[in-house]
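The structures considered in this document are given below.
Two complexes, one shared chain (chain A), two partners (chain B, chain C).
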Partner chain A sequence: MKKSVNSLKLDQQTIVTGLFLVIFLMFAIFLPGFFTAGNLLVLIRSVSVLGILGLGMAIVVIGRGIDLSMIATLSVPAALVMTLAAAGYHPVVAILAGLAFSIATGIVNGVLVAYAEIPALFTTLAVGIGIAGIGQSGMFEYDIIAWPVELDSIAWIGRGKIFGLPYSILAFAAAALIVHVFLKKTRLGFFIYAIGDNLSAARITGVRARPIIILQYVMSAGIALFAGLVLSASSNSMDTRIFNLTWIYDVILVVVLGGIGLSGGRGGVMNVIIGTILIGTIVNGMTILNVSFQGQNLVRGLILLSALLLDSIVNPRNEETAKQGDI
Partner chain B sequence: MKLSNKLTFAAAAVMSMTIGGTAIAQQSINDPARDDYYATMKDRKVVFVPVFMGLDLTEGWSKIMANQAEALGYHYEVRNSNFNTAAGAQTITSLISEKPDVIVVQNPDVQSYARLLKRAEDAGIHVIQLNMKTNILTTGFVGADVVAIGEAQARAAVEHCASAEKPGKVLILAGPPTSPFSAYMLRGYENILNDNASMEVVGIQSTGSYESSKAKSITQVVVQQHPDLCATLGVWDAPDIGTAAALDEAGLSDQVFVSTSGGGGELSCRGIREGMWDHYVSYDVPGQGRDLNALISSALQDTNEVGSTKTVLYTPLVEFTADNVDQQDCWTLDSLR
Partner chain C sequence: MKTILEMRGITKLYGKAAAVDGVNFDLMEGEVHAVLGENGAGKSTLTKMMAGVVHPNSGEILFEDAPIQIKSPAEAVRIGIAMVFQETSLVPSMTVAQNLFLGNEKFFNRIRGVNITAQQFMQSLSFDVDPTQMVSSLGAAKKQMVEIARAMLLDARVVVFDEPTATLTPEEKRHFFDLVKTLKSHGVAVIFISHALEEALEISDRITILRDGKHVVTDKTENFNRDRIIQAMVGRELTEELYNAKKTVARPAGERILSIQNLRAAGVVKNNSLSVFKGQVTGIFGLVGSGRTETFKVVSGAIKRNYRNGGEVFLHGKAVRYLVPAPSVQDGVAYITEDRKVEGFFETMSIKANIFLGLLTKGKSARFWLKKSEMDQVGDQWVKSLQVRAVTQNAEVIELSGGNQQKVVIAKSLVQDPDLVIFDEPTRGVDVGAIAEIHEIINRLADEGKAVVVISSYLPEVMQLSDRLLVARQGKVVEEFSPLDATEEKLMYAAVH
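Up next is the complex of A and B:
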């Protein structure tokens, strides 16, 4: 029995892909108005920021870390860019300042994890709270910052369309392509898999692990800033309070749900895309059905739980797969 | 002759000065209420527990309260619960043992703080609820009649959409389901829309914790299904920035009537002028601040048992449209005093 299941290679990505196809087909058949080009574009667009964040998180998780500060590095540096531009600085200067802020955050995260060897869970949680705190303690006049007209020259990244395709979807696609090439085609990407799979073994073979760990966090912070600019251009404002909301769980969810294990060393961009689109499909279908907020949360939770349950039944943990230090 | 003239003049001058002098002394009366009033206020303590600082609403109220505290010499402080209901409950619990004279509280939902507020009043602390109220009454409530806001918004939508041929389609964008601004506002919408055959509600959705990105994606989905959408009714201006962005991208800004609500600050006027929103029900933060300060001052002077009088002050609402926006206050933090 077990052998036959294993030979089918039912890993989590396959399970989630199957689940996605079932749900998608059900909506497409039974829900009028779901399977139209317009709605499908809206579906992907509504999760494109989540997907971009998921890509950043994936890099860190594959390297066997986690970055809980991503929502803070999404909101505060993007809000800084908008505030500086509104105060009359050239957009390029404003963006460079935001980029410097987010890179600095990534370096702090990375140094604390790689050199001080504080667990990533605590480091990034604390750094995230710290960054959000800096943002809330007088850096901006209000916690909700409106998109300034001075930045309208780059507003297209969240708003416009080209050949009927919204730019935010293209932004997701571009980010996915870049992260994919980085992870699968470059030596650094390969080292991240090696470090995530077995840090000691990677070190013994000569990989300089610590700088690469710092690089992971810098990349996730940079991707978060990009997501932040897409998000604020799209909704015309940045609400720095989103750090207090449950967004970070959604990001971890699309990564884990898609099949990138928190134990590191596995998965890739495709997993993030599947996880993201599954969430998008569920939310979109239920919004069309006008399901209440509480009902949506319930259904979403049940589907995610069943995906994880199915995975642990089909791929039970044993001494080989279980690793020390699992989160 | 000359001398007597001079003497008469001098006498008259002296007399008039004496009379005048007495008159001045008699005109100055000591106000008997004054000394007591200031002595009562001195060194008392008022604490504000908002849902979240950093919004135009909370920063505005807080500035007005702080100004009165400074003028009258009582202590005023803010304990921010940072959108965390558990943290807010913790704050109120510790305040019950700290015993300030007045707690001003903005409730995140209609239930969570209710018992704590009752306990605070039992412990002799005046509780004034601000704009978002629980299901119990305390010493005071200052804020909008949320049902009335909902009714005003729905009436404006009916006026814009109702037609004999086919019902006008309305999307409702609420906040967190148990927030007073969702629960009571929905009642207001229902009061007008439920028995109106010319209107059809095509969706009632929550924007989570008032997230503009969520408002945007919901609006995009609904507009796909109902391209003939006629109006959106939103409970607060911040998420409705996202609603307007979605309609703008879909090219439906002119067709869809967007009604929202908020404190009537500079954002509200900008939103109306730039065409983001067509209708805005303001609950006038400067006016609420004045009411709030009056209730605080009256609570500090009150010598009766705490909770023996309960005062509700609903804020007079102002409806902003493109036609009257230029006559509105459009306050900023700097213009508040």
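Up next is the complex of A and C:
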């Protein structure tokens, strides 16, 4: 039994990587216009923001939580930064204000989850709706905020290219590296794995679990702000109505499909990268194939369901591994 | 009287250990049959097999002389075997009548009709419960009546009670005995599992005693007395080498490290007072529900004591009140849990990572960056010193045997260099070979001058290990023994009386 669980675990990474290779090759061979430099650049650019969000989600999911407020914390603080910069504040001040906003959001999420012990699913859903509501109810003059010229000094994070590679993919790479080092090389990252694996055991061992849970949500909110700035710079604006889209499910899809179990304590940055490029490839291929928006949603839904199914088979929640606070 | 239920050569294995080992059991129509034994003797497992909750590995069950297989609780009910669990299985937000007919409602379910039928039925059993009352508003005794009524309504021929009197007041207990008599007069066979020997002697017609999963004796109640029951419950073959040696020297008490005064917590610790000293093993013996685990969980900060009249805890002579375990770990307390799956180890991590995590939470060794080399070095050192045996170097803890998992959990705490080490059931679910090694670890710690607490419901273990023996009953320590003149009978007497 134990052996088979292990081999299965190995399988999930292998399955997803193999799936990616198969799909990529099929598209490259049979889909005219897919394997061109231009399209690959589009693909990479389109997935980098998703990948950055996936990194933030991964931190929270490894700690056995979930953060549904990430799209709200992507759009509103980023819009705040742009509005303040356009209003004449120094870019540094604007960015610090946006950062303070997203950290505050993360703290609210974390305190509600860790101290009030509200399930993360509902806490972050409610906080996300609230933050989006704040953003839409008069904080900004228009729903769509244009990238102000005052911020052009940092616009390279979403626009520039180096050796033909867009900076947004480098932003993803940098974020991935930082998150990887945090999760695998620092004590706090190690504690997040411990809390995600077994909260009671972590507590009894002497880990101060609640502050670390807050830290998870603060980090996911901060990463969402970073993703928001990259997105705004590359598309030259931020649409604060973005929260109404189903984007957050893509982020969950990336994390779960990549093999970070929702039961916590498992996976890492590599899983996010695999999940991101797989989803990016599928979405890009469907766009070239001219699959309708509705059809794409259907495919995404099916993939998400299969990923969740795979997750619950590979990381089963039976009597023995059932834990409190599971989402 | 004829036999209604018979079990022949029933065996239930958990892993390689037999919880119930070749037990024969028979139950007559209309009798009250008490099943007694220490914790872990196999009483609950035996009755769970009757109720279809657990399935035997071998042996056969006969109901009215016909062999049957009880695959699920629903099937047990259909056959006519009902189990009344310690924690009631009623729906609190429904009325008594609704609970009675739950799952058997007619398609058009008239509340009034249901209430009238329930009322009539309750009266036929002479139970004084209002069927329109909400179950959540009932006391423990009345809830039990509803459960019994439900069993009767389903034409139960056999009713199993698992520790029915544990939560009842003396008055309610009287009432419960009347209920059992009512059942009996209806020709229902009753199985009664209990720790309370007096109750078994008073109420039962026959008594069966189990020990270590094996059947010891079944006889008419009038042939038993207290002493014979205790003898049968604790008497062990002297071939058990492990617990053979009688303790001849007790370590003297060192400095007082922990003092608990009038502690009250979690509804089960009631006015508990005790002290723990350096350089010796303090054994705490008590049955389930005696508050022994909760007392020490308060010390470690895993649970909080009552705000009002909670009593006091002094560590190193300083009054402490831990809200979470982290500060108690800093102050040198290590609590090694009785349930390592739920709060002991991290199943996705390697052995070394588990041990290293313990080190990282302790004071000065806490730094920002992790050092892989340090993890390997610390892990190797403890794996060696506690003789943890694993197939591969980087094995996950979940793959280890119970004994080796326990050693990892112990290492995770010892790496923090605690002054006070609390072992809660240190050898539960541990293979025999590892038991001796874990006992050696415990003795070594005491010899090194640490204060060690061993909580156990296994008598030979506490007697073998302790330099001082405390017996807890109903939320507090009631008696202290020296291991040199304590006997199993004396300890058991203090724990249950």
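One rule holds in what follows: the second predicted complex is superposed on the first by the 284 of 327 C-alpha atoms of A that agree within 3 Å, B and C clash if a C-alpha of one lies under 4 Å from a C-alpha of the other, contacts with A are read in each partner's own complex, and residues count from 1 in each chain.
Heads up, the rule we're going with is that a residue touches a chain if its C-beta (ideal position, glycine included) is under 8 Å from a C-beta of that chain, and two chains touch if they have at least 3 such contacts.
Bear in mind the structure is a predicted one, so any value in this text is a computation, not a measurement.
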Item to check | Clash or fit, chain B versus chain C on superposed chain A | outcome: fit
Next on the checklist: By the touch definition at the top of the document, which applies to A:D239: first (chain B), second (chain C), both, or neither?
Outcome noted: first
Next on the checklist: Contacts for A:T287 in the overlay, against chain B (first) and chain C (second): which applies, first, second, both or neither?
Outcome noted: first
Next on the checklist: For A:Y217, using the defined touch cut-off, is the partner it touches chain B, chain C, both, or neither? Pick first, second, both or neither.
Outcome noted: neither
Item to check | Partner chain in contact with A:R203 - chain B first, chain C second, else both or neither | outcome: second
Checklist outcome for this item: Counting residues of chain A touched by each of chain B and chain C, the higher count belongs to B
Checklist entry - Considering only C-alpha centres, what angle arises at chain A between the directions to chain B and chain C, nearest 10 degrees? => result 130
Item to check | Superposition-derived minimum Cα distance between chain C and chain B (Å) | outcome: 32
Next on the checklist: Output the chain A positions appearing in both contact lists, the one against chain B and the one against chain C.
Outcome noted: none
Item to check | List of chain B residues in touch with chain A within their complex | outcome: 52-56, 59, 82-84, 176-177, 202-206, 208-209, 211-213, 215-218, 220-222, 224-225, 238, 241-242, 244-245, 249, 267, 270, 333
Checklist entry - Inside the complex, what are the residues of chain A that reach chain B? => result 33, 36, 38-39, 42-43, 45-46, 49, 136, 140-144, 146, 159, 161, 166, 231, 234-237, 239-242, 244-245, 283-284, 287-288, 290, 292-294
Next on the checklist: Quick check: in the complex, which residue numbers of chain A touch chain C?
Outcome noted: 2, 184-191, 193-194, 197-198, 200-210, 265-266, 320-321, 323
Checklist entry - So in the complex, which bits of chain C are touching chain A? => result 300, 302, 324-326, 328-330, 335, 337, 341-349, 353, 357-358, 360-362, 366-370, 398-399, 412-413, 416
